[in-house]
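We call the chains A, B, C, D and E, going by the order they appear; numbering starts again at 1 in every chain.
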Amino acid sequence: QEDITITLVPGLTTDAFYITMNRGAQAAADALGINVDFQGAEEFDPVLQTPVLDAVIARGPDAILIAPTDSTQMIEPLRRASEAGIPVITVDTFIDDGMYQDGAGDGDFPLSYVASDNVGGGRMAARFMAEEIGGEGKVYVSNVRPGISTTDQREEGFLAEMEENYPDIEVLETQYNENDASLAASQFQAVLARNPDIAGVFGANLFSALGAGNGVENADMIDQVTVIAFDAPQSIVDNISSGLVDAAIAQHPAEIGYFGVMAAYAALTGQSVPTSIGTGFTVIDADNVGDEDIAKFIYSE
Amino acid sequence: MSMSTTKRNGGASFLRSLLNAWSWLFLILILAFFEIYAQTQTGSTFLFRVYNLQSISVAASQILLLALGLTLVIVAGHIDLSIAFSTGFAAVAMALVVRAAGDDPGLAMVLLALIVGLLAAGIVGVVNGWLVAHLDVPSFIGTLGTYGIARGAALIVAGGATVSIRSDTVRSFGNGEIWLFPIPVVIAAVLAIGCHYLLAHTRFGAHTYALGANRASVERAGVDVKRHLMLLFIISALTAGIGGLIYTGRFSAGAANAGEPILLYAVAAVFIGGASLTGGQGTISGTVIGAFIIAVIQFGLVFSGLPPYWQFVAVGLVIIVAVLVDQSKHRVTGDRS
Amino acid sequence: MSMSTTKRNGGASFLRSLLNAWSWLFLILILAFFEIYAQTQTGSTFLFRVYNLQSISVAASQILLLALGLTLVIVAGHIDLSIAFSTGFAAVAMALVVRAAGDDPGLAMVLLALIVGLLAAGIVGVVNGWLVAHLDVPSFIGTLGTYGIARGAALIVAGGATVSIRSDTVRSFGNGEIWLFPIPVVIAAVLAIGCHYLLAHTRFGAHTYALGANRASVERAGVDVKRHLMLLFIISALTAGIGGLIYTGRFSAGAANAGEPILLYAVAAVFIGGASLTGGQGTISGTVIGAFIIAVIQFGLVFSGLPPYWQFVAVGLVIIVAVLVDQSKHRVTGDRS
Amino acid sequence: MTALLEVKNLKKRFGGNEAVKDVNFEVNAGECVVLAGDNGAGKSTVIKMISGVYTPTAGTVHLNGELLTGKSPEAVRNAGIETIYQDLALADNLDPGLNLYLGREISRRVMGLPFLDRKKMREDAARVMKSLGITVPDPAAPVREMSGGQRQAIALARAIHWQAGLVIMDEPTAALGVPEQREVMALIERMKQQGVGIILISHNLPDIFAAADRIVVLARGVVAGVRRPDETNDEEVVRMMMGATL
Amino acid sequence: MTALLEVKNLKKRFGGNEAVKDVNFEVNAGECVVLAGDNGAGKSTVIKMISGVYTPTAGTVHLNGELLTGKSPEAVRNAGIETIYQDLALADNLDPGLNLYLGREISRRVMGLPFLDRKKMREDAARVMKSLGITVPDPAAPVREMSGGQRQAIALARAIHWQAGLVIMDEPTAALGVPEQREVMALIERMKQQGVGIILISHNLPDIFAAADRIVVLARGVVAGVRRPDETNDEEVVRMMMGATL
């Protein structure tokens, strides 16, 4: 069993979330005595992920763990892996409807989906935000760019939760920052100039939240504006300590990686595997940021 | 790879035409490197597997479809950034028509969708051409503007997200094979031959080269330069648009961002292929080699298991070395001083 | 905005110098537009709020820091893509030093960190200069190569992610103010004045313009062109590197990708400012206006509440119109036929 | 009978500088009119207004009675005017053949598709240049690699190769060797005999007197005088160039 | 006494074409050597090898006994050789002043910092050009906007403005008007008297005979003959250019 090799293909390689996921995967690999490779593209994009996946298939790993960069678009490329006899497990994101092995849909072939639910995370952010701002006021989502499934889903969850449960909260237009913290900061400042009573921002990823936090700081509105971040790399956690960011919705990427490898190993050794493994979220805020058992949810850098 | 002049002028000396092959040689060298690596490290073959060749060619095709028309534009001394989103605009437009036609529409509807997709890209090309040719807007700025506009337009019509479709016809258009050749590769090859013919063998091509060297020469020779520029930008938008159609076929979805991540690779392919910022040189065959060099190293580096960040370094190095090899050729023929 | 020649030659006729002001005028026009919008739609002011002006200037500064050195390179007829990652490399290097110095390091350590960050960027500049000046690699390809290499290097030293730090000194370096002026703005302003002086008033600047128009003219006049090119690419890397230092200061984190999303805006600022792909024209003042035009519309469009996808369209339109206004100036002076 | 070419009240202003103030002259078929004048007198500007490169600030140009003003260089060329520009206007990256045929390339059909006939164009270029006394070592090399005189010969070849009614030559022999200069003078004579109208710009007094049917002297943008060569001499022409009023 | 400039066995090959095969000659102080030859004979190539633009395929150049071969244009210029190139080598986007001073710009200090003294350079350019008989309407305009002769005058001005020991002129009067041509001939005379060595390339036989102390005739890359003007005539020189062996 030493020669079992699994390749983990993240949504993008330059993101603390996936780097942490890889750490979890390596931990599982060490525990099992197998190999896990990490190969991905530089941006969260199907056109870039597909050639990487093709080359991974050519290497012929025993299984592929992948965070597909689009639920529809990655079906065909992943089918090639499946047709080459390589079991596929999706992590963090899914293809088709995310329900595998139920005989329905084009993308039914992956064995399992291991993830925290980004829509759910978005909802959680909305609930926390609503609490912080007292159930009323103006908020908006600072997002990367349209078309990234994970961040789109967080926004979707956030908007849905607000719409369904918090009628007194007005959600303004989403602002796209191209992953540029500087632009995200300037956008916050513009929103603020227009809406001096802005109550909160939901930063759908690291740079969105960093930028919004910086905008808030420069406006001297740290106490008035709530900033919620999605994902919990060290820089966000530092910002929570300093009060710039009020809370972060931490996924558990290491768990995702760990259970992903375990599931693949189980499948490769003839065990049965659940078609869906949910990992949770942890909300990190000023109250618990110093706690010891929170440290393990901070993404590695 | 910038021996475009020699190429163009055909009757080059034997020495020169031999040296012309250096870019091919470099490509072959990379392939040989990966083959040896595969043989020694994994005991398998890199090169002699249909699957690998297919994957590499499909990746190269997607780059090429943006790079082909772009080569013409760059040879003429201009640039077209908007192709990044002409691709997406065409992809989304096509997907919307297919979707509107309901589940698994017939061939006629798919053809209509292809035409609508092409038209969408064509509009971007017409606007670019009009800006550059008639309003004298520098192409960098003009096409950066239409880049934003096409992007917004694609997102607006798509409603922000990707437009996913279900159609076996469309899917096989993007993923089918003709004998061993994936359809995207066949289409890119046909277009490459067409663009090569246009650039190397027609009056249009000769005017494009002349335009890049000295606009006045072409104008004074009595060529309608405005019309010529219009056509160049339309061709560029259309080849990029075809890239978008293939995208929709491959991924069963039209995404507004479809072309953006490959823009830089496409531009790189053109320049690796011997074009220059100032215009007047470059060839389609050079661009094809450029696209393949990029596709091969990207595939090969993942295949060889190099850690991802080292891949960035390696790709950067190979791009530089590719051009250095080309430079040393100039030294041998004494083209410079 | 491309009246660089007139600018350069100083003694322009009154008509010309008035027309030179058109780019300023266009900027003022956009500002006026947003002001009227603010007054009528929201009853508030857009322009006469320190806060808005500060925000816009900081955003413009971050673009400018990449665009300043780039202007010199583009005037000389070259391009520098690697600044996208010189910025990130400097940001990461600085952050690593600060972090290594432990929590809240002293001023000396922060200074050391700044120097190390600058050195990191400087290395990229030296490599670029060496490739372009001594190995005759076309700058587009050479700096695309170092783009990959710097990116890989930054990610490798950063371990892939952002390097966050805790240091009040660093934070106030990025977020402090000198009287009403945010420190990033002050730094960008000083550098802009320095680059303007260099380009407009020194022999170095004159050689840069001449190089862009006709390399042979400078070489034959007895200027050491290789040395000149080396310096240009080093300056470009250093200004971009300073952008990275400021980034780390502003966000208390060094990110390898810090510069990437700004690259296109920086290039756009230079071209809006009147530079051309073929070299020989462009001014620092034009680039400054270009950066402000971009920063103002980005801020203003969000401020005016335009839906996001329409913002893409609007930014594209404004960029085109900015240049069209400039073009019409040429028509008035009859510069073209 | 109307003149072949009629230039009336031409004026061109560049910014604050009025390079051409008021220029009038005619060219008849089979006639060679020399535009003489000191550097910066406005000669090249006048002929660029005729050939469509510049739009005149005021004034008109008629060819065979038809208005030419405002037409594109393309239209002017199609109307039968060939021009050799002082800056040659060559595409440096193309070979002499393509430069000769620029805008009027010849193709041969291969399976119905037109392919540029580079070989034929190259041969024609070599032939026309040979008739001017010039050979190039490698007719497939880009003109960038050619000597000053070789380049000028290509520009000349381009203009004389076509059956134009009027040929404009802006200092066509400036870079040519002695025998080639003689060749060009002979050529002008032959073209005149074929009824071609010629506008020649030259600073070479012997050439001017040898070729001209009429000498139009420009000084600072205006016509300082018009003379037939047999009614004037070197000194008077030079004095007129210097702006001496008559 | 060694010659000012000594050119030995110079050879230059471009790809397959040997443009210069074997060229030897000397220039003494105060002497004007004319390089004559048909188009494509290799004249410009020879002088570019002297001025450092081309590295010779073989052969050497010595200035005052010191080896010059292989040095950069910068070093050659600093050694005291100024060159007027046939293609002028102007920076089209700069004004005449900056072109005149290119590489040797003058600055004035403002608060300790050097600022280019554009005004002074412009005035100097206007003055030197005036001495050649040329005025430009707007001395602050880029040279791109100047007439052919005005441009040539700037290139000339650049070379004569500096106290060079040797001045190389590749067809310096090709675009000049009649009075300006005379001006340049007078200038060459004056420079000779000041002990400056001159290499002149020209296709104008009267000028050649007027200026030359020695005529070196090149034909197809080799020296076809060397003559003093008083021991030869037009016809012999032209015959030598055409490659007639002697």
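Going forward, contacts are C-beta pairs under 8 Å (C-beta built on N, C-alpha and C of every residue); 3 or more make two chains touch, one makes a residue touch a chain.
Bear in mind the structure is a predicted one, so any value in this text is a computation, not a measurement.
Here A-C and C-E are compared, and the pair linked by more C-beta contacts is A-C. With chains reduced to the mean position of their C-alpha atoms, the one farthest from subunit E is A. Averaged C-alpha coordinates put the centre of subunit B at 29 Å from the centre of subunit C.
One finds 42 Å separating the Cα centroids of subunit C and subunit E.
Subunit A and subunit D have Cα centroids separated by 71 Å.
In subunit D, the residues touching two or more other chains are 14-16, 53, 87. Among all residues of subunit C, those that touch two or more other chains are 155, 160, 309. The residues of subunit A that reach two or more other chains are 13, 146, listed in rising order. Residues of subunit A touching subunit B in their complex: 13, 37-40, 42-43, 45-48, 50-52, 54-60, 70-77, 84, 106, 145-147, 152.
Subunit B contributes residues 4-5, 8-12, 197, 201-203, 205-207, 209-210, 212-214, 216-224, 280-281 to its touches with subunit D in the complex.
Of all the residues in subunit B, the ones that touch subunit C in their complex are 77-79, 131, 135-142, 144-153, 155-156, 160, 264, 267-268, 271-272, 276-279, 309-317, 319-320, 322-324, 327, 330, 336. In the complex of the two chains, the subunit B residues touching subunit A come out as 42, 44, 49, 51-52, 55, 58-59, 62, 155, 160-162, 164, 166, 171, 174-175, 247, 250-253, 255-258, 260-262, 295, 298-303, 305, 307-309, 312.
Across the interface of their complex, subunit D is touched by residues 14-17, 19, 37-41, 44, 86-87, 134-138, 145-150, 153, 171, 174-181, 203-205, 238, 241-242 of subunit E.
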